[in-house]
């Protein structure tokens, strides 16, 4: 297990010393959310009605943005080949990366959500539901993102194609994520969202590890 | 570490060699083309002249004979791709790579046709080209997945290396498609009651079922012909690529 | 030989091995046998597939034909170190953090990281961000990875690249000791390598595939 802890530690160090990567993601999240009123008008009732959807879209885009640093730096400096030779299985390495990716990209978004809630005229009830649905749904976004990043890691400009692959897979996350805030069956949607996250997080390390080891050097 | 060198079944081995595969399956091509053409002639004759109008929709019901087979193919092709992906990952079968690659654009084509004919049918029936109904929406998502796969194939420089990676993604997609379908159904029933015309199979009269079945087989064979031909083309394309690279490296062609 | 034998008997054998990328063979019909305490130098002009052969032996690339086997290797543990031409060093970790990470993830079975840093001549730089290392120093840090986890087989791709004369001596010293402990090594290099016991060293000349 010390290998897994070492992997977590390394990833955390690399992300937190990453020269403001976390801050960039949070800013991106807020800007995407804040730009919508300029497009649809400042009508508070309209904004409040579409706010859950906007927050989810902003979270989805921000998490896509952070994917580039998941495997690509390790691929480019040769570390990925060495990680494949490590005593720790590659799927565990991917799992550690996934956990840290969620910690440094989703958790800051959760913390920044109050800002968007105020800007988009959310009431307290739907703000609380939004926090819960983001907390439950972002692991699935991170997991699908990790699969997309692993599949495209050996493509030179894979950063362009990864979102195309990830977006269709993420549609259920968006549906149940927004559904758990606004729909009359929000209880069922919340459960589906949690189930989806569990499944995606369980599947992603193996799928991503298989994709990475198939991509060869 | 040791590569698998044990002898496998004879036909399996023969299929594994791309050259042998082409030589083996080329004689099948023309008979399949003829069969497909006959099925289409028969199917269109039934569809245009020998099937009843719908009492509500009139002649537009005939779009169904094209729409339903395409909708079936949009899923059948993904099943073929998933089986090929397993062939690539589990048995490292070289022709499985080729089959997977050849199927992706065909799947995108048939899915797009299903959406297009669905829209043509929807205009006179529901009064709109597009409705965010469960089936149409999940077909649209399926089309996006196909297009993503086509883009992924094109993004790789080394097609041999691409195959295993894309196989992983194809299988992830296969696991996800039922989930997407379920979520989209949940979502669409939430926003509007299911009001879409659905041709429920068993209650359809024979006069509609027979042409539908013929068209169904015609389109399936059309896919098989196109798939086989696309596989041959892909084998040849790879051979040309190999020769080009060998020539560029100064070796004998 | 008075050296302590650390590694259990291991025999690497390749026969009819053909490796390449994208379905194009770079080198064909490679065969060799390598036993404990012996090293193999891969020689050959650029483009003859030395790196590809090393990656094939490391299991990263599938061979196009032929077989490669390690008799006596414990299938439950990793038994080879690959040291590629890229150093895999993170600029934002300190030298010690980087090495300790690899020690833990590969199993801290060899030297302590500080000891290994002193061995490769980076003893005083352990707190420095690895991004500030020069090319030669980065190479030394990559070599230190071989020391912190004991694995019987070393696959080295241009181990002396960017190293000064003292660095060349370091590579020779590390190889000498590794072979003395019963280790095996396969190295692709253009530089001359003279071990203290020349009988340990074999040479495999790679030719361009016909």
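Remarks
Every chain is named by a letter (A, B and C) in the order it is written, and numbering of its residues begins at 1.
Heads up, the rule we're going with is that a contact is a pair of C-beta atoms (placed from the backbone, for glycine too) under 8 Å apart; a residue touches a chain by one contact, two chains touch by 3 or more.
Keep in mind the model is a prediction, meaning the values are calculated, not measured.
Relative to chain A, the chain whose mean Cα position lies farthest away is C.
Among the pairs B-C and A-C, the greater number of C-beta contacts is found at A-C. The innermost chain, defined by the distance from its C-alpha mean to the mean of all protein C-alpha atoms, is A.
Centroids of chain A and chain B (each the mean of its C-alpha atoms) stand 31 Å apart.
Rounded to a whole number, the gap between the C-alpha centres of chain B and chain C is 47 angstrom.
Taking each chain's centre as the average of its CA atoms, chain A and chain C sit 38 Å apart. Touching of two or more other chains is recorded for residues 216 of chain A.
Shared contact sites, meaning residues of chain B that touch two or more other chains, fall at 157, 161.
The set of chain C residues touching two or more other chains comprises 62.
Within the complex formed with chain C, the residues of chain B that make contact are 1-3, 5, 157-161, 238, 242, 245-246, 249, 251-252. The residues of chain B lying in touch with chain A in their complex are 89, 141, 144-145, 147-148, 151-152, 155-157, 161, 164-169, 171-173, 175-176, 179-180, 182-184, 186-187, 190. Put simply, chain C touches chain B in their complex at residues 21-24, 47, 59, 62-63, 66-70, 208-210. Residue ranges of chain A in contact with chain C, taken from their complex: 2-3, 5-7, 9-10, 13-14, 17-18, 73-74, 77-79, 81-88, 93, 216-217.
Per the touch definition, chain A reaches chain B in the complex via residues 147, 151-152, 154-158, 161, 164-165, 167-169, 171-172, 175-176, 179, 183-185, 189, 192, 196, 199, 203, 207, 210-211, 214-216.
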